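The two complexes that follow have chain A in common; it is paired with chain B in the first and with chain C in the second.
Right, the complex of A and B next:
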């Protein structure tokens, strides 16, 4: 904490600050919100921001601030899960491909290349078109689409590390491949993984927001930022332009916090290399 | 030349493979028969209709027939509108392609000129200011930019009427005028990504040995930036631009919703929700071909802009 405050890495500082604020909001939103986010107060439809309703209310009289708090939580959790699926499976696939090499490696990497060639939102739309959707399907679908980029990165790290002396030593001492992969190599590459995972998180937030903006997110009764932004579009004229503004800026804040954090971690890591 | 040809064969094979996979997927899941008959469906009627429509033949022959028709411009008939799919898709495809290309041209022109401007800046303060502004702009997703634009230019300044789209045939100038703001909202995040990339690439180039040699021969900073570093720094930016053409298509799908442009993205979404699979299949295959062709062009461009990349044989 002290080193963070003293560091001149402004990306990391600002990113950590924004993310701390967001995390605090999300955690608070889990236990307490000023109003029930789904309570419809018909007497206060589309009221402008005031002390009673910090961000105003929407067309059903629901408190936008409470909804943003919970929507932020939904976006955060959904993108976190998407990212986690991509990270874990991607690491396993990348490790297997990079460590074993040969035909297995080639085939896996070609598949990854093919998937990464397509924009993830577009592919997710297509997959949903084919298999239909349930409440949480979006997490699995987007999570799967995040696997290849991680797999590629982990693989290239593994290919580099494989020929290092410490790995050879371990092999000489009779360590099994699984042990070498998880106990020896993985701890050595997590520093590269960390910034990449943050940037992946950022992409996941964007993808999730785009999907729920198109009405294909998690279920409708849970507030989600993308869907709220979509709903707010109808009230730009005369009604409630602040609705779109508050929801949109909270997405921007989340994206920006993660981008800065990723950037900062990357810079920190490059500094370590020099 | 050999490289181009080899890549072209690869391209065709990929398109065939992917379209076959898409076709199979839609055949397995999107069986339209029960849906077409609706409430009157009886097992006999279903069997009869299956026979009539040729659904009992093997997948391979049906795929070949479908692909042949597709190439001739016959994409089947929409289940819900009973219209030829080609008639529904092709005019909208034109709009989407126009929008994407506009966004692409804007990105290329703006990002390279802004990036070069920033790199050549003498004042560190303005450079820092631009970096901060860039970082903020980069975090705004295209759909929010679109909403801000409709609000500001449409509802406050009345420069255009949101939702009042004019087709190219009626009024070409109005058509491009209407597409301008959507194109800008697609382009802005890409522009700031490119500018940032160009900035950091030039910074990295300036630390390299050949620049130091140039300095030792008495070259000043301006010359080193303009004639040495920029040349090398721009290469990855160009390849990034080529690849981002595919991503812009995805942003198009979303932006079309905001500006209510009757493009292929709107059609795709509405066909998905009405489960109109012939339309979805046609659009998916077109999108896939688009992405594959764009990546193919990017692959061909790499060795042209960067002679260091050896064409692998």
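Right, the complex of A and C next:
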């Protein structure tokens, strides 16, 4: 913490600050919100921002601030799970491909290429159209689509590390491949993985928001930023322009915080290399 | 220095010309006697009179096509291509003398052969769900200038079906999909998909001539763009707007309130547990607070319903059914306990995600059901899945949706709930109901028939077949310079009655 405050890495500082504020909001939102986010106050439809309703209310008379608090939580949770799936499976695939090489490597990487060849939102749409939609299906669908990018990155790191001396030594000493992969190589590449994960997190937030905006993301029982943005667009002219503004601003803040954090981590890592 | 002055002048000119753009277009249109109508859906389907599927296409193409009879704003059927109609005593033989001098838009005069051809083609290629079955049992012949139709059994709604058989020139069916020709007050000029359809006044129309010379139906699928276009003065008339959309519209327009003419309800799967228990269905009815639903979703606008008939259908609408299940959570809980669900049960409320009004109502309903101890959850699906899974597959607990009437007949709304009707998606079963509908369909005395239908709607209400909600309010925005817009009891935009003051 101290080193963070003293550091002149402003990306990292700003990013960490924004994310700390958002994380605090999300954690508070888990236990307490000013209003029940699903409570509909008939007498306060589309009221403008005030002390009673910090961000105003939506067309059902629900408090937008409370919904944004929980919406941020939904975005966070969904994006975290998406990345966890992408990261874990992507690492396994990438490690296997990179370490073994040869035909196995080729086949795995071409499968990844095939998945990335489709625009992810379109592919997700197709999958949802075929299997139907459950409350949280979006997590594993987007999670699967996030595997290739991680796999490719891990693979290239592995190809590089494989020819390093410490790996050769380990192999000479008779270490098993699994041990080399997990105990020797992985700890050495986590510094590359970390900034990539923040960027991935960022992409996941945007992907979830766009899916929810299109009405195929998280179900309506749970507040979601993308969905709120979609609902708010009908009131842009005349009705309640602040609705879209506050929700859009929250998404921008979240994405910006993550982007700065990612940038900062990258800079930190580059400094280490010098 | 000189350059600066010139550039400032140029900028001023540009701003000035931009300002004048929006306003002048309106008065230009007035001078040319033209009207632009904003349409919120693409009209990309076939323009063939028997193969139009979208309600949006049908409601404007009735300005171009006419049948032997057509529907009037009052809901009555009035003569169009035919001059009159004589019905035999037993109700099986209809004789239509053709009106003299009715011309198609291509200049040809309408003959008996054209009418026969139209009926034949309609039977062959119609995509309507009920029309072919009716025509199947009708034998259409020409006797001189008369069209004689013999039915195998009396059908009191027959004129309503006749009005759907639009008359086109003999042998013209294939071309009609892209270049429609009819006998109506307006003729087709051009269409560009996802952009517009243009109509022009038909000067040789047999009836009262229309006032507006040229009508352009401009397509704006995105509602925000539609509202912006209205505010820019680019559009004179837009039907089917919601209250929230109307709120964003500036001066220069009148707002007319109307209803959507559909039965919106929480449709309950009567064939599935626990909804097969009438006490559970009644409990759900008591749990819903319709006034609150209207207040939240439309500031209190909308007409409450008690059964599967909407108020615009005044002949069959029974007002006494509306308040049958007032909001009463205690009663709902009592009924649930009686039915063996003291702690409630879990259910899903399925809504088609593209219909915002249904989704909004669904969200309020879920909350109200939860207040009565029922663990309700909203499930959004897209329209095609709704059609296959809910409507055809009948795989749902409950769904918020709306049914409209294809023809102005009680059967169009009520016949679907008879036990073995294919369209009875809720699996409603009542012998008494089936009996009433069967009787009403063949009854020739209008008063008795109306009574039978009314009794049938009472059965639906008493059995709490569905939790009926409302006929949604909708709004038409019209240029203040225009007047004469007329509402119909079914989907229709009539260009002929509009005129510039």
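Throughout what follows, the second predicted complex is superposed on the first by the 274 of 274 C-alpha atoms of A that agree within 3 Å, B and C clash if a C-alpha of one lies under 4 Å from a C-alpha of the other, contacts with A are read in each partner's own complex, and residues count from 1 in each chain.
The definition used in the following text is that a contact is a pair of C-beta atoms (placed from the backbone, for glycine too) under 8 Å apart; a residue touches a chain by one contact, two chains touch by 3 or more.
Source: prediction; values computed, not measured.
K.L.:
Thinking of the overlay built on chain A, is A:21 touched by chain B (first), by chain C (second), by both, or by neither?
P.N.:
neither
K.L.:
Who touches more of chain A, chain B or chain C?
P.N.:
B
K.L.:
So, does A:221 touch the first partner chain B, the second partner chain C, both, or neither?
P.N.:
second
K.L.:
Can A:136 be said to touch chain B (first), chain C (second), both, or neither?
P.N.:
In the superposed model, A:136 contacts neither chain B nor chain C.
K.L.:
Answer with first, second, both or neither: which of chain B and chain C does A:60 touch in the superposed model?
P.N.:
Second partner only, chain C.
K.L.:
Quick one: classify A:252 as touching chain B (first), chain C (second), both or neither.
P.N.:
first
K.L.:
Looking at the overlay, what does A:233 touch: chain B (first), chain C (second), both, or neither?
P.N.:
both
K.L.:
Give one of first, second, both or neither to describe whether A:178 is in contact with chain B, with chain C, with both, or with none.
P.N.:
Neither partner.
K.L.:
Overlap of the chain B and chain C footprints on chain A, residue-wise?
P.N.:
129, 132, 233, 236-237
K.L.:
Note which residues of chain A are touching chain B in the complex, please.
P.N.:
Result: residues 114, 117-122, 125-126, 128-132, 206, 209-210, 213-214, 229-230, 232-233, 236-237, 241, 244, 248, 251-252, 255-256, 259-260, 263 of chain A touch chain B.
K.L.:
Give the list of chain B residues in touch with chain A in this complex.
P.N.:
Residue positions touching the partner: 14, 22, 25-26, 29-30, 135-136, 138-141, 143-144, 147-148, 150-151, 155, 246-247, 249-250, 253-254, 257-258, 268-269, 271-272, 280, 284, 287-288, 291-292, 295.
K.L.:
In the complex formed with chain A, which residues of chain C make contact?
P.N.:
223-224, 227-228, 231, 242, 244-245, 247-249, 292, 295-297, 299, 353-354, 356, 359-360, 362-364, 366-367, 377-382, 385, 389
K.L.:
List the residues on chain A that touch chain C in their complex, please.
P.N.:
Per the touch definition, chain A meets chain C at residues 38, 40, 42, 45, 59-61, 129, 132-133, 215-216, 219-221, 233-239.
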